[in-house]
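Both complexes below contain chain A, partnered by chain B and then by chain C.
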Partner chain A sequence: MTDQTTYRPDALTGNRTLLVIAIILSVVMMAPVAWLVGLSIKDNKELMLGTESVFELPYTLVNYVNIIYSSQAFGWFFNSLVVAIGQTAGVLVLASLAGYAFARLEFPFRRTIFVIVLFGLAVPEQAVIIARHQMFNWFGLHNSFIGLMLPGMSSAFGVFLMTQFFKAIPKEIDEAALLDNASPLRIFWKVLLPLTLPAQATLGIFTFLHAWNDYWWPLISATKKEMFTLTIGIASSQTNFAQSEGLGFLSAQAVFASLPVLIVYVIFQRHIVTAVSGGAVK
Partner chain B sequence: MSASIEITNVTKRYGALAVLDDISLSIKAGEFVVFLGPSGCGKSTLLRMIAGLEDVTAGTISVAEQRVDTLPPGKRGVAMVFQSYALYPHMTVAQNMSFGLENIGLPKDEIERRVQQAAATLEIAHLLDRKPQKLSGGQRQRVAIGRAIVKEPKAFLFDEPLSNLDAALRGRTRLELAQLHARLGSTMIFVTHDQVEAMTLADRIVIMHNRKIEQIGTPMEIYRRPASRFVAGFVGSPAMNFVPLRSVAANGRTVTIGASGLGEIHAAFRLPASFSPEGASLGIRAEDITVLPAGQAGIALKAEVVERLGDRTLIYGQLADGTKLTAETDGRSEARGGDTLQIALDTTAIHLFDAAGTAHHSEGD
Partner chain C sequence: MAESYRRSQWSNGLFILPYLSVFAVLLVFPLFWGAWLSLHKVDLFGPGRFVGLGNYTRVLADPVFLQALRNSIIFVLVSVPALVILGLFLALALNKTTRTTSFLRGLFFSSSVLSVTIVTLIWRFVFIPGDGLLAVISEQFGIQPVNFLSTSGWSLFSVGVATVWWCLGLPMMLFLAALQQIPNDLYEAAALDNASPWRVLTRVTLPSIARTIMLVTIIQIVMQFQLFGQAQIMTNGGPNGTSRPLVMYIYEVGFVRWDVGKAAAASEFLFLIILVAAMAQYVISSRKSEVSE
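This part shows the complex of A and B:
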């Protein structure tokens, strides 16, 4: 038996190397974020003279105050929130139902349909964007929340993830519920769906982040300023920042735009690591 | 509540592959029946067909004289305990036990009463608020049984429920299951490949082999009067000795048997005229072979390996012609590997198996 307290020089060196690599990577990844936060709390006039002043006092929250009074950022923020939450909810509902069906139900051409769905992973958005634009135009869906949310709801990745997760749940759980006189809908809702919580949290985060950061489709679909999402709104304000708003204000908007993502990630991260189904089945 | 179960000409096929072939079996109300057989013999499939988790290709299944093979699992009035327990991981023990009762719309106070009663019976009342991952294997096993008990089913179905437990816990749970059966008086069907579980728990054992029922009988009937060479070899540890036959000569009820390495044996048998020694064998259990005291003449057995089990000693050896034979003697035996021992057979405990494997038992047995 291995004594866990035994000193093993190789393992210790390996751990230290990993730690150093992790610290370097963290610095590389966090440096732009720190730079952004630094810029956001500096006066625009100072930054126009040179961004080195980010390392010097004084700092100010005036850029954040200006977001409240002199920008449409709150409106765009609201739009982004509606689109991201709506899209996430849609993906979770559709992917869960589809995953359950592909993993558990018997129906004709199940495998063929599943393969067709998976082809969705291989088709880049750019390849279908013109057709999609035209279709949404016909239906009058541009410049609407539905129009912004709908394309992201068809998540091939989500269906794949949920299918695999449902497949990983032992069939005896369904069978026990069947013997407990539960209907298929009740088995899905009360027994299996709660067990997919870790997958739902993962998928929810991915979808929310994607929807929140999406630039390409809102740029095409939202042409009216009041329907802009944050990404489009911030990008549109970049065009004249040198004359009016300035780098500090723009950075403050970017920090403001990142906050919900950060909050969502912190909340859901706990759910990802909680393996709800662990331990009940051998 | 207990009910009879009637299985009539049941067949199960997956496409062209037959898994069960024309199975018929009557189980009396309150009986504890064990399906015993090697892996892949179809015993779990038969249990799952009774539960409604597998369709019946042909034949009928009735519970309490009501045909159930066309009903969904939840409407058959049976409860099942799975090998993997199959507890709902996100529900507490109490929720696990009450889920089935909620589904049939029982009033809350009745659900509460049944859950508390079952929890008290199984001594898991202190675990009701815990989730399955916080329970040990034995506790999960009890919860799974509790989930079945609260439904007050007409019959309990157990699919190898002890195989995930360690040896000590398995023995204890086996005893508790026997006590539970005595207390509830319910019909129970128990699937296992462990003959000790089968012998100790069953009122009757159903031995299954190659998609068919090989024999149905009480544990001692199965052990002392196996219907076939398969049953004789499958039940009992060590397995029954089989010695090829060379000749059989009947003189009234006394049959003179010539078997490899054993010489001529006289025993009382009622053999059919068609019985031929071609491909036939003599069967005898290790405990029906006596190791004679030194100086007494018998059949020579050269000991190869001696296993001392404390209360008894097993001697694995070979006869003069090289035929392998296992004998059992008491725990104080001083036999060693390499010794040549003298043995005698209890001729009333001899079985003869024809070429097809059908058993013929000594009339003295």
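This part shows the complex of A and C:
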């Protein structure tokens, strides 16, 4: 978030009426979340009689305790973690190498290739899903961790972001290293890569959240219950919530599933906002 | 300076090779393979035979496809203006750094980091008849609430409410970033002229961020045309397909009915729509600021 703002003589800046409306909107926005949290700390049997009991005592943590006994949720949690971490690592490696080359090195067809990669940003995942599904079928990659991780690594977004970051590093830095006759690989590894750590964090957190929240690809690729990610798992228990687990348990499961991303968000808010807005303005 | 670094060398290309292979195999190839599939009659069991544009005519003659296309367009027409106007409003209201505004910005953006499954769960618990938050509130006032998720017209609207709630953070942040870029002297000049707040807004602020408004609109058009999860989970496209979007049609034809060729043809239509929007975005963003080579 941009915190360097000084006071601007903008007539609307600091307008109290607007701020009050924004505060009211924020309450409206948080009401459904409060409702979910409220449901999660009520006993399922009590909720069956009527959900207005959310506004009354007693409250209980029994739904959260039940998550621990439901081995499924933990399995899905683990799958999500493996897929998100694997995909993030892959994206960081591929995007750093490519970003460095596009920003600093000369090689044949550099511009052409960069334009083609940029074009990749315009390809929606849904447009290639049919062919991708077939390909992964050929190689038996459905219902596997690798299969869940791979598609996200083809996104051109990371390459684009890393190219921008490498370009922002002053050229004098590599030139000093060049005087020592360092090879491109050495300059990349020893000199520039350490300088991109904040950028790695930005791209890494963004990719992690994206992988963690992905619904489209795991829905199609992970068809076995034990290979579900948490996102898919929650969706599957949601579809039959009327007959099964009960509102309280589902709410607790949802709170449990969102905690990791909300914690990451609170800690790394600045990085996330940078990545998201940087990516959108391509 | 060492010339080898600047000179064009094949070996330098090795750095992009890993990404380029993944890009070629997982994005470029499927793009062309999908086009090939769209020209063939394919099912689960085999590659099938060439049918020319047969799949495309089948898609265009399918009332379910036309309904889904129409739903997607309506959805975009309603949700995108809502996102742009609300995002712009919040950016204007919170364009000052105090504790309160920083907190509120963080709050309004927070829903964007949740997954679609959590968002839909939250909103189903608001909309479900009898037990939902809206039902509980309206009972207090003695009103009989609508069954939002299974009434035609309301179902797509409910999906839209959940979507706006989920996606509002990005437009707000992009507008905030644009507002920071407006040169101070423009406001100082306006202050000297004793311009009213409304006049400053319409004559200084909005014209200065016109390009961002266009960009945000196009980004949101691209995003909202890809609507899938919210509709699939909240309403499953119902009732009678009145909330089934384009992507859900592709999903159902391809992965429920396994009519692969037809699904591939339908996804080419989606690709075309997104491509046009993306090109517009590229043209607008390269017009002013210099886009990286």
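Convention: the second predicted complex is superposed on the first by the 230 of 282 C-alpha atoms of A that agree within 3 Å, B and C clash if a C-alpha of one lies under 4 Å from a C-alpha of the other, contacts with A are read in each partner's own complex, and residues count from 1 in each chain.
The rule is simple: a residue touches a chain if its C-beta (ideal position, glycine included) is under 8 Å from a C-beta of that chain, and two chains touch if they have at least 3 such contacts.
This structure is a prediction, so every number in the text was calculated from the model and none was measured.
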Checklist entry - Does chain B (first) or chain C (second) touch A:100, or do both, or does neither? => result second
Next on the checklist: After the superposition on A, what does A:178 contact: first (chain B), second (chain C), both or neither?
Outcome noted: both
Checklist entry - Given the touch rule stated above, what does A:186 touch, chain B (first), chain C (second), both, or neither? => result first
Checklist entry - Looking at the overlay, what does A:41 touch: chain B (first), chain C (second), both, or neither? => result neither
Checklist entry - After superposition on the shared chain, which partner residues are touched by A:15: those of chain B (first), chain C (second), both, or neither? => result second
Next on the checklist: Just to be sure I read the superposition right, which of the two partners does A:194 touch: chain B = first, chain C = second, or both, or neither?
Outcome noted: first
Checklist entry - In this superposed model, does chain C or chain B come into contact with more residues of chain A? => result C
Next on the checklist: Quick one: is A:170 in contact with chain B, with chain C, with both, or with neither? Answer first, second, both or neither.
Outcome noted: first
Item to check | Interface residues of chain A shared between complexes with chain B and chain C | outcome: 175, 178-179, 181, 276-277, 280-282
Checklist entry - Quick one: in the complex, what on chain A touches chain B? => result 170, 172-173, 175-182, 186, 190-191, 194-195, 197, 276-282
Checklist entry - What does chain C use to touch chain A in their complex? => result 1-2, 5-13, 15-16, 18-20, 22-23, 25-31, 33-34, 37, 86, 89-90, 92-97, 100-102, 104-118, 120-126, 131-133, 136, 139, 165, 169-170, 173-174, 176-177, 179-180, 182, 184, 187-188, 190-191, 195-197, 200-201, 205, 215, 219, 222, 226, 228-229, 233, 247, 250-251, 254-255, 260, 263-264, 267-268, 270-271, 274-275, 278-279, 281-282, 285, 291-293
Checklist outcome for this item: chain B contacts chain A in the complex at 51-53, 72-75, 78-80, 82-90, 99-100, 103-104, 131-134, 137, 140, 147, 151, 164
Next on the checklist: Using the touch definition from the top, list the residues of chain A that touch chain C in their complex.
Outcome noted: 1-3, 5, 7-15, 18-19, 21-23, 25-26, 29-33, 35-36, 39, 47, 50-52, 54, 93-95, 97-98, 100-102, 104-108, 110-111, 113-114, 116-117, 120-124, 126-135, 150-151, 153-154, 156, 159-160, 163-164, 167, 174-175, 178-179, 181, 184, 187-188, 209, 212-216, 220, 230-232, 234-235, 238-239, 247, 250-251, 254, 257-258, 261-262, 264-265, 269, 272-273, 276-277, 280-282
